[in-house]
Amino acid sequence: MGILEVKNVNKRFGGLKALSDVNLSIAEHSVHAIIGPNGAGKSTLLNCLVGKLIPDTGSVMFDGQSVLGRAPYEINQMGISRVFQTPEIFGDLTVMENMMIPCFAKRDGAFELNALTSIVKQKDIIERAEHMLEDMNMIDKRNMHAASMSRGDKRRLEIGMCLSQEPRLLLLDEPTAGMARADTNNTIDLLKQIKDTRDITIAIIEHDMHVVFSLAERITVLAQGSPLVEDTPEKIKGHPKVREAYLGESA
Amino acid sequence: MLGLDKKDTTLMLVVAALALLAPFILNPFPEGSAMAQFNAGYPDLMQRFAIYGILAIGFNILFGLTGYLSFGHAAFLGVGSYSAVWMFKLLSYNVIPGIILSVIVAGLFSVVIGFISLRRSGIYFSILTLAFAQMSYNLAYSVLGNPSSNFNLTNGETGLQVYASDPQILASASAPEVPHLFGVAMRSSYQLEVGSWLFTFNAGYYLCAVILMLSFYVSVRIFRSPFGMMLRAVKSNQQRMNYTGLHTRPYTLAAFVISGMYAGLAGGLLSTMDPLAGAERMQWTASGEVVLMTILGGAGTLLGPVVGAGFIKYFENIFSKINEGVLHQWFGFLPDGMESAVIWVVEHFVGPGWHLTLGLLFMLVVTFLPGGLVQGGQHLWRLLAGKSRKEEHAKTETQSTPAE
Amino acid sequence: MSKTDVTRRGMLKTGAIAGAGVALPTIFTASSASAYTNEPTGSSVTLGFNVPQTGPYADEGADELRAYQLAVEHLNGEGDGGMMNTFSSKALKGNGILGKKVEYVTGDTQTKSDAARASAKSMIEKDGAIMITGGSSSGVAVAVQGLCQEAGVIFMAGLTHSNDTTGKDKKANGYRHFFNAYMSAAALAPVLEKLYGKERRAYHLTADYTWGWTQQESIQAATEAMGWQTVNNVLTPLAQTDFSSYIAPVINSGADVLVLNHYGGNMVNSLTNAVQFGLREKQVNGKNFEIVVPLYSELMAKGAGKNIAGIVGSQNWDWKLEDEGTKAFVQSFGTKYGFPPSQAAQTCYAQTLLYADAVERAGSFDPCAVGEALVAGDSSLPGISSDSNKGFLFDGLGNGQTLYRSADHQCFKDVLVVRGAENPSDEFHLVEIVEVTPVAQVWYEPDHPMFAGGELGQCNPGA
Amino acid sequence: MDAIILQILNGLDKGSAYALIALGLTLIFGTLGVVNFAHGALFMIGAFCAVTMQRLLTLSFETVDPTKTDFLGKPMKIKTHYVEAWFGPDVGASLVDWAVPLSILLAIPVMLIIGYVMERGLIKHFYKRPHADQILVTFGLAIVLQEIVKHYYGANPIPTGAPAAFRGSFDFGQLLGFDPNVIIYPYWRMVYFAFAAVIIGAVFAFLQFTTFGMVVRAGMADRETVGLLGINIDRRFTIMFGLAAAVAGLAGAMYAPINSPNYHMGMDFLVLSFVVVVVGGMGSLPGAVAAGFLLGILEAFASMNEIKSILPGIDQIIIYLVAIIILLTRPRGLLGRKGVMEE
């Protein structure tokens, strides 16, 4: 029994069948990659996991509880954090503030009307946020406007924000898309480090095979809305069906 | 002090000083001088500065922090005004129940309107709030205000006022027949004459000033609170909010209701200073006015909205009163031909032309002082002071976030 | 850059107190030494002219302001004296009021009660105005009247036509020279009967606010009393600009008269729309379809253009009247400004003179004394036997013999019934006078149901 | 039945005005992303183009007629229109009579120039600025334009009649088999409806069938991409702004005979037209037109006595009520696109 169990999920958009009979099980503490050509349904699947979309049929269980019908913030509070393809951070806020917000969410829940206490007095939150910034190696940027940072830094910040919530499952949507090689490698190192040091499960959607094969312990290949194969990276590498569906397309 | 850091304490002290010394600051010109026309230190206008300041501070909590542009805040102002006058009619002229009820009723109103309107964002939200306010205005002006019907809630065009036949069950014989605070009439004033200067200290104004300072203080606290940070986060990225386990709707609703209660408070105070509540207070132009005040002064800055409110009210009340006779006094020293030429030009911008001046001012400020009077002013000041851009940048970061 | 015009308190101008003065408790701006609000102690006295300068009634406000300026000139002995020469009371001498030079301040009501009150307050608090006058709508008049009552200054209403101003909302410190909705109806009814007969079915369109309601109520009562039926009364929103959807149902309603209880822009648009729909050419019940506009003004006639031809309504005054007062006023106003005055101008001019005259007769600016003088005396209008027929009787201000009734501070005088000219010879002859309805016909008792419910209360001097 | 048909006609007529204003507003929203609070003022200026045309055609010289006297008892000055002196009384009079249709000739260049100057001189600098700043600057501009018009033309409405040929009403009911004089409708209002239909059709055809229109539509959908193609989208957007101004101006000029123009008529329409645009859905031209007609018809129905007697005051709030209901059931109005002006 994995931490995330997807069973017989179907999703249609008008005449287009985006997901058909998707079954997926992600084991706890593993790094699980989902790959597939464009239009294979990767993003749709991800959106079904985090509450942005609701599947037509099927079930999505996280740690034994259904996530279906819950709003994204509720699913997040259950322990699933998501990193976006383009970093979604609070651009108008400082880096430190960016990091404090998930800390508040972790401590106070989805809503808290603490309108008359000063931020400065929130010692525990400040400590947590600073700690996480140190972990992310960004403490020197704490007073920067988040929007003015480089893309790589924004990505680090976003991952840090997700981690500061201590999620049990971290979903990454093409975390290295559009990154320079050096930034990509830094991100891989960061994710490796996270995997090694934290009590966490990672699911990653990725195009970049370099990233996938450096990180993943198991890989699911999605094509035309349904899983093609699921196996270890070594096996996937040589799988003829995968070559046909995936590499043929991307070539 | 009071849970504020050093910079905010300074700001708070500056506001307090401005508010308490307003009778001096606003009357810089001696009586009888030609410039006395520009004096603004008389009770009615000082009260209006404070009251509309409160309204704009409240509006800024919603618009400046969350970016949700409400075009219907006048509804809460109107509801607050009506509530206060009803308290005068039913209980007594003591202002306390009126002010309290105006805040409560406006709060309830904003819960309902906010709950529905906040289901949409952006311009869709603006139009929903506008629609609610316009409905309130139209109904208050006509259907709900017909004196000959049994259900006369607003007294229509004439405006809700206290009649001798009203119950006033708590009225005591010793209290004045005008709005008062435990016997001190709101319109009673002390006057101080210094040389040819005359300063007026009005009881009503000081009540407004104290409430303004409180409102400003609460607003500073909200700006510096985790809640305030969450509101800025809503403005910055709602998607990330949702995927960080935060429910944005309660945050925006709370901001909406707080800001609606500020508007109700301002409305209640308007009635307290002058116990007649007209329906025009709820018209879209009134909603638009508070939007303009906030943007003109600087949305998202602490002081901006108050400055913007003061600016607009000053033009409305001072410039509209300058007539040809006054101009002849001013320019009487010029040779005849030149005098009439100058007067001909200036005439377009004062008296009936005060709208033109205001319109031009809007355009000039927004073009040359982006971010409003306060931020633009700071920017200009730093340019003049010749500080480097880096320093400036570092400074803005520690400040509250600019508009949008 | 001389002297001290247009500012407050003669006391300061005399410079009696130098150095730091003592803080004195006051209500409004009456200092403890004075007996009433803004007692003028210097060589001048300040009046407050509060008129719409922006918004739809700005032109009407501008005309009111012209009349006020003219009145101030005449009071100060400049110009030709205008109606001061024809006014039956001879107390005014052309040396200001009680020897004090008349000065004035102006403000913008924006035709909003809030703004009007703010403007009036600023005149009282900042400029030391002893009297407030002006306005172009009843909502504003009632609001400012209430304010003046509280502040302890006299309010001389400008153009306000609602019954409430001197009815339900009357105040001891407030005075109205203009006529009202009841008088319009009473004056119109016999003329309508004469022109259109007793068998008529009327359809009312009514502006949905206080003035509209009282106007409609009055005209319905008056026309029903002479036998007309009222088919329908439809309330229209104030903000309405296109009345087509209210006019269309009239066509097949069986009505043969349309009464437009609208004022200003509302009236211009509803009338224009009604004419567009061909109502003027229509035949219903074998009669010509007729349109009635109970309250006319020159500016409305100008706005509606050719559409007003043949349409009957009422006016407080018209410059084409032949009496001496009117002639003097038109001559004086026309010479200064190049066109004849409107009824709004006339009522404002008359109110200013009446106020000044009352001050002279009272010998004081004390609002209570002035108020008493404004409606003083036991003189009464001839031909009306009523206990309430008491007040100040005067003549020569353009409306013939007029009574300022003490019971409710309303003027009683003849009312004009006018009609839009078919072929106006120029832009000043848009309306022609059909009949001057004698005052006896528009008389009512102060406790008439349409005016009941209010109390004048006590005069308030403010101190 | 006749009442309903009449109200449908009224609704179409009101809807024409709403749709025309909303169309221009949406063009500016959609192409430039600018919230234009001065759009109502453009409509007003259009109406005053008609007034100006009438003034131009009635420019007169004065001769003194000693036999008559004016109101001050002086010899009367008789005014003669130049056009009548030049072209003879008949031609002159009919020129004056046709002032409103002729004013289209004036309105098109005037509005294009105003639109061009406005965009190049002011709006251009506000593309990247927050919507709040756009509101402030265009609102300021609207006030300035209004005050200028007020200064020259006064605050009172100015009667601007339709040509005599279009006064009076058309018996519409007889066409449908009703008795005579049951369903009559003013000629000019029918002209206005037809005119609106032509303008709306022309704008759609222009956007649909010309290359220019294609580029603009592409720009509305994705400005950056079109910019990347090396197409000078800015110049086209300037032209679009002029076009939107011209549509608003023509709508105003032709509206003059329906209701006498006054200087604040733009503000009266401004709020309504924003409601129309938003109900139609941001960035959707067909949505704006559909919403204009829908709200016009509903407003006409709400003012019927039968409905008002059940729900007093419904005509005061109907538009806002409908707007709320539509926005709650359809998050982006009738035909709005995702992500336009939702932040």
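Going in written order, the chains are labelled A, B, C and D, and every chain counts its residues from 1.
To be clear about the criterion, a contact is a pair of C-beta atoms (placed from the backbone, for glycine too) under 8 Å apart; a residue touches a chain by one contact, two chains touch by 3 or more.
These numbers come from a predicted model, not from an experiment.
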item	value
Chain D reached from chain A - shortest hop count over touching chains	2
Highest C-beta pair count, chain pair	B-C
Innermost chain, where centres are averages of C-alpha coordinates	B
Rounded Å distance, chain B centre to chain D centre (Cα mean)	34
Whole-Å gap separating chain C and chain D, where each centre is the average of the chain's CA atoms	36
Gap in Å, rounded to a whole number, between the CA centres of chain C and chain A	74
Multi-partner residues of chain B (at least 2 other chains)	138, 142-143, 355
Set of chain D residues in contact with two or more other chains	312-313, 316
Contacts with two or more other chains, residues of chain A listed in rising order	none
Chain pairs in mutual contact under the definition given at the outset	A-B, B-C, B-D, C-D
Sites on chain C touched by chain D in the complex	55-60, 208, 232, 234-237, 239, 241-242, 244-246, 248-249, 251-252, 265, 268-269, 272-273, 276-278, 281-282, 299, 302-307, 319-320, 330-331, 334-335, 340, 426, 428
Interfacial residue positions of chain C with respect to chain B in the complex	1-9, 12-13, 15, 17-21, 23-29, 31, 53-54, 58, 61-62, 103-108, 112-115, 117-119, 121-123, 125-126, 137-139, 142-143, 146-147, 150, 164, 168-169, 208-211, 213, 217, 235, 237-239, 454-455, 457
Contacting residues of chain B [partner chain D, same complex]	63, 67, 69, 116, 119-124, 127-128, 130-132, 134-135, 138-139, 142-143, 284, 288, 291-292, 295-296, 299, 348, 353, 355-356, 358-363, 365-367, 370, 403-404
Partner chain B, residues of chain A touching it in the complex	50, 71-74, 76-77, 81-82, 84, 88-94, 97, 100-102, 104-106, 108-122, 125, 143-145, 161, 165
Interface residues, chain D side, partner chain C - complex	2-3, 6-7, 9-11, 13-14, 17, 70-73, 76, 150, 154-159, 161, 167-169, 181-182, 184-186, 188-189, 258-260, 262, 264-265, 268, 299-300, 303-305, 308, 312-313, 315-316
